[in-house]
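The structure under discussion appears below in the form of structure tokens.
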Amino acid sequence: MTKKNAGPELNTVPKLLARNAAKYGDAAAYREKEYGIWQTWTWSQAADEINALALGFLDLGVKQGDHIAIVGRNRPYFYWSMVAAQSVGAVPVPLYKDAVAEEMAYVLDHCTARFVVAEDQEQVDKIIDVQDDLKALDGVIYLDPRGMRKYDRGALFEFSDIQQTGRDKRAELSPELNARLDAQDYNTTCVMLYTSGTTGRPKGVVLSNENIIETGRATAEFDNLSVNDSVLAYLPMAWVGDFIFSISQAYNAAFCVACPESGETMQHDLREVGPTYFFAPPAYFEGMLTSVQIRMEDASPLKRKLYKTFMANAADVGPKLMDGKSVGLGAHLKYQLGKLLVTGPLKNTLGLSRVRVGYTAGEAIGPELFDFYRSLGINLKQLYGQTEASVFITQQRDGEVRADTVGTPSPGVELRIDESGEVFYRSPGSFVEYYENPESTADTKDPEGWVATGDAGFIETASGQLRIIDRIKDVGKLNDGTMFAPKFVENKLKFYSNILEAVVFGNGKDNCVAFINIDLLAVGNWAERNNIAYSSYQELAGHPRVYEMIQENIANVNASIAEDEFLSGCQITRFLILHKQLDADDGEMTRTLKVRRKIIAEKFDDLIGALYSDATNIKTTTEVTYEDGRKGSISADLEIRDVKTFPRKQVAA
Amino acid sequence: MSANFYYGIEVFLNGLMAGVMYSLVALGFVLIFKASGIFNYAQGVMALFAALCLVGFQSGQIPFAHVINATFGTEIHHFGWHMPALLAIVCTLMMMILFAFLVEKFVLKHLVNQEPIILFMATIGLAYFMEGFGDLMWGSDIKKLDVGIPQGGNLWLEENTAFLGGDDFYGFYIDNLDIWATIFAAILVTALILFSQYTKTGRALRAVADDHQAALSVGISLRVIWVIVWSIAGFVALVAGIMWGSKSGVQFSLSLIALKALPVLMLGGFTSIPGAIIGGLIIGVGEKMFEFLIGAPFLGGATENWFAYMLALLFLVFRPQGLFGEKIIERV
Amino acid sequence: MTQTETYQTPDGRTIGGAVMEMKNITLRFGGVVAIKDISFDIREGEIRAIIGPNGAGKSSMLNVINGFYHPQEGDVLFHGKKRGPMKPHQIAKQGIARTFQNIALFKGMSTLDNIMTGRLTHMKSGLASQMMWWGKAQREEVENREVVEKIIDFLEIQTIRKTPVGRLPYGLQKRVELGRALAAEPKLLLLDEPMAGMNVEEKEDMSRFILDVNDEFGTTIALIEHDMGVVMDIADRVVVMDYGKKIGDGTPSEVRQDQAVIDAYLGVAHD
């Protein structure tokens, strides 16, 4: 792929920035809440900040093709850092800010980062810890100087100083900057993003300007995103989604990116910003629904009654209205009244009252969960994507929204399903390569440009929508030959607010068993109301009444699975509630909170053995890692219970 | 709709207006109780005293005329001028602030860290002292108070609502004074709430109400705060005194409006400003409606004297902290 | 004992002359002697700890510094000037702020309002101006709110800005109380057992905040603690008290090797 590809006139992110500063100079580009007040930068101010930073980078000696790592929570300064890096011809590499020092060291070493832009002392400390192994590293730029007064200044630079230097030397350095800006085209690397990956070391996905800009333009047009829209940037900056929403689409459509005051205040800030465009993973929507349900259980009987009545009506009418179908006058009136009394205030509390386009992706979403938000009148749609595709593979069009599918191909995307059921795509957004990893690149992307997703799925003939079943490697067979799709079952389990995570096993076995993680918030609240004392997660998880509750939830799931003609073999026969919460620090989940099935299966081998025996309990000891990196172990005596299963629906001959 | 229905509404509206008057008095209690934990028995007398001073200043009465005449055998009564109402109000306010200073200097200062019951006793003493002092200063005859607030039925309202009912209905009869009282009360309460939320002194007032020791440590002087609180309570008493005095004359019985405030406080809680207002409205509407619907037709009337207490008692049984009283949330 | 020359600490901070000097302080409650003839000083920019077993008279000492108690004998010198009998609120206005062992926050008020009360000594507008909410009073509110927001950011308590502090967990309440004391921009900050009742993680957090306060704002800090370990890590100099008497004074390492201190902590019988 060395062909010269200039692309259209606006072929780099810095050029889009210049366009926005000229065309929408006074429109808000960035907002951030700091010191309790929302600060705003217009597009022309943002362009000035980025320009100063880019000149400062030049002064530091950043060369074309250098990698500049960026680590911190979502703040305008870091988005500017990425665009400033692009301006001088360097490649921005955003990192996960909660990565431990070794994980960070691997990525910094792999991409031979010359500079790191870090948020604060916490991040700087991590880099200092591992700097001896990082030969390429020439300096760290920090944003918040607090606590670093006594640090060795040698290779540490303050963000504002870099910008000041840039401003001071503007006349001197501008020609060089302009030359570098002009030297870039559609083939230039726009960004490099490391995929957390459910297995193995992270891989650096190289995305070109063509990938990012084509995708951003086409998808912004798809949903009519414009300068009047706004988004709250709160998901990890290292994740491709944030890059696409907060840079690619934001620069294409010139909409405003707002950053929360801190990770913990996100919910509150969301309410204040009231974004019109919103993305959240299913877990987020699930968490919000759980908190609504908890609050309703604590509410007065009158409120509960109102909630029940109007939500039932909204569930029926809301989605129909959104899809432009007609409803009866009475139902419509009731819906409007409910909007005034229940759904409107609820939407406002959730911070979603202005959302015009909402997306969720990453995991399948429970139909009940999906319908809940749709009935509130939130245009929540699903998309299917991955880092290698610059996010978008398929997405749902307005009026064609369903819970069990992920939509039709995004603009410019071709889709193909191979014999084994795996989904392949070819698109303008599909990645250039894995950085310094030709084997993996060849494994994933064939010479014709088709990229393997690793997911099993099929295209519904009637609607043309894609339906994803599971990871291709996780889909297996039970001993009787029926299909085993663990995620399908887990998602059904996770819809219950009591269940935070579930891991289902059964490939090559006679039947399915499950590990459960209870939701401490929901179950804890329930325990409080029922006067059940507990001092830890472990104690609550082992409580017989909690077991009873979960047992009932699983039986209900079994009843619903029994209805599915292909997957009715996946009913859970036995389960246990884990004594610890699955945690990314222990390697049991990815940083994006997806369960790592294989690692869990190895780690809790003894528990799986017990589930497939007649035992009613099992003693076990597990190693855990604390936040500060220390290791310890917890031991427990876990109860195992059987669950009711239902007769399978026969496949019609 | 029958005329009776509209009379019911009229009674309801009048109840609301009466409730506002009760709220005004209750508000004075709440302010002092919140800031210093004192149940100020003298609040009613403060209203009386304020009204007496106001009439005195306005009509140019010579203070202590009785005493002077008796001692020196003179026959003086008046200065011979008539003070404009607004100036008289300002003078009275000065009096109330002076009074707050004196109370702090001669009473509260010496009772720091005493039991609440002792402080309560002190305010009883204060009440009787002020009553006697007021008599001595301005004489004990019934006086008419007029600061220029229009009185009598509001004709406009009456004429414009007459069409609602049939021939038997002549429109709503609502006293102008009550309407003005409501407007003043609303302004007063809004101002008080804004003051306590958004100014440093307001914040200091809330701080003192919350924790004395902590207030001291951030540099708040309790004595200054007490003077301010009693001054504000004095101001509220003045407003209540003007309204009630204009309505039924300035005389000893004015101090008994404090008794009307008691059930309001039981209902609304001793620590809540919104409680005092809502409580007052409930009592006002409750007693008027009860009299209209049940009292007059079935019980021979005069239920207004006891209904408020009965309602308050019922409330005490079911919700001791009052409608809006603070449920103290503490975590260890 | 008074030192006027400045010196540099190993980690590069400058310690100045004495801010506060206690000279031969004796405090009695009736016949009970709480503090007996104690002298020491607190120097500008340092973290000075007063430690000792329970009942050693540490809290009494803090209350003397802060003006809640008036010693029967001895002098208290603040910035070299002898301090006459003053009320606690007057002392607060001189620039001494404190926290309490049992947290004395305004429980019904929000975090923001609590910290705002710490600014009272810096707000000068008159009552009339406040009532009208114009001119000076309004400007003052805005300026002081900015200071308070910086403190909220510094202590990382943005999430609880509007929460009534009575609803907060213990560790956070301690943090809010520290914030309120900081808001006064004190010349001397007194902390009464800032880590009492905290778990290890909370103690580490609090230690970090204390160090950061000292480092960022150069605030002189005097703190009381009975947990030796934490204090030894963060204090520049330590006074050790036992049964109302001073039994040791010096740097943490000096104090650690002092026989009298070791005896007091190991519980050697007093005769």
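Brief remarks on what is shown
Going by the order they are written in, the chains are A, B and C; count residues from 1 in each one.
The rule we apply is simple: contacts are C-beta pairs under 8 Å (C-beta built on N, C-alpha and C of every residue); 3 or more make two chains touch, one makes a residue touch a chain.
Quick caveat, the model's predicted, so the values are computed rather than measured.
Contact topology of the protein chains: linear, an open path with no closing contact. Of all chains, the one whose CA centroid is most distant from that of chain A is B. Here the spacing of chain A and chain C, counted between their Cα centres, is 45 Å.
Chain centres here are Cα means. That of chain A falls 60 Å from that of chain B.
On the side of chain B, the complex with chain C involves touching residues 191, 194-195, 198-204, 206-207, 209-211, 213-222, 228, 326, 328-332.
Against chain B, in their complex, chain C makes its touches with residues 66, 68, 87-90, 92-93, 97-98, 100, 104-109, 113, 116-121, 123, 125, 127, 130-131, 133, 137, 140-141, 164, 166-170, 180, 184.
Residues 34-37, 146-147, 149-150, 261-262, 264-265, 268 of chain A are the ones touching chain C in the complex. Within the complex, the chain C residues that touch chain A are 11-12, 145-146, 149-150, 152-154, 156, 158-159, 161, 208, 212, 215-216.
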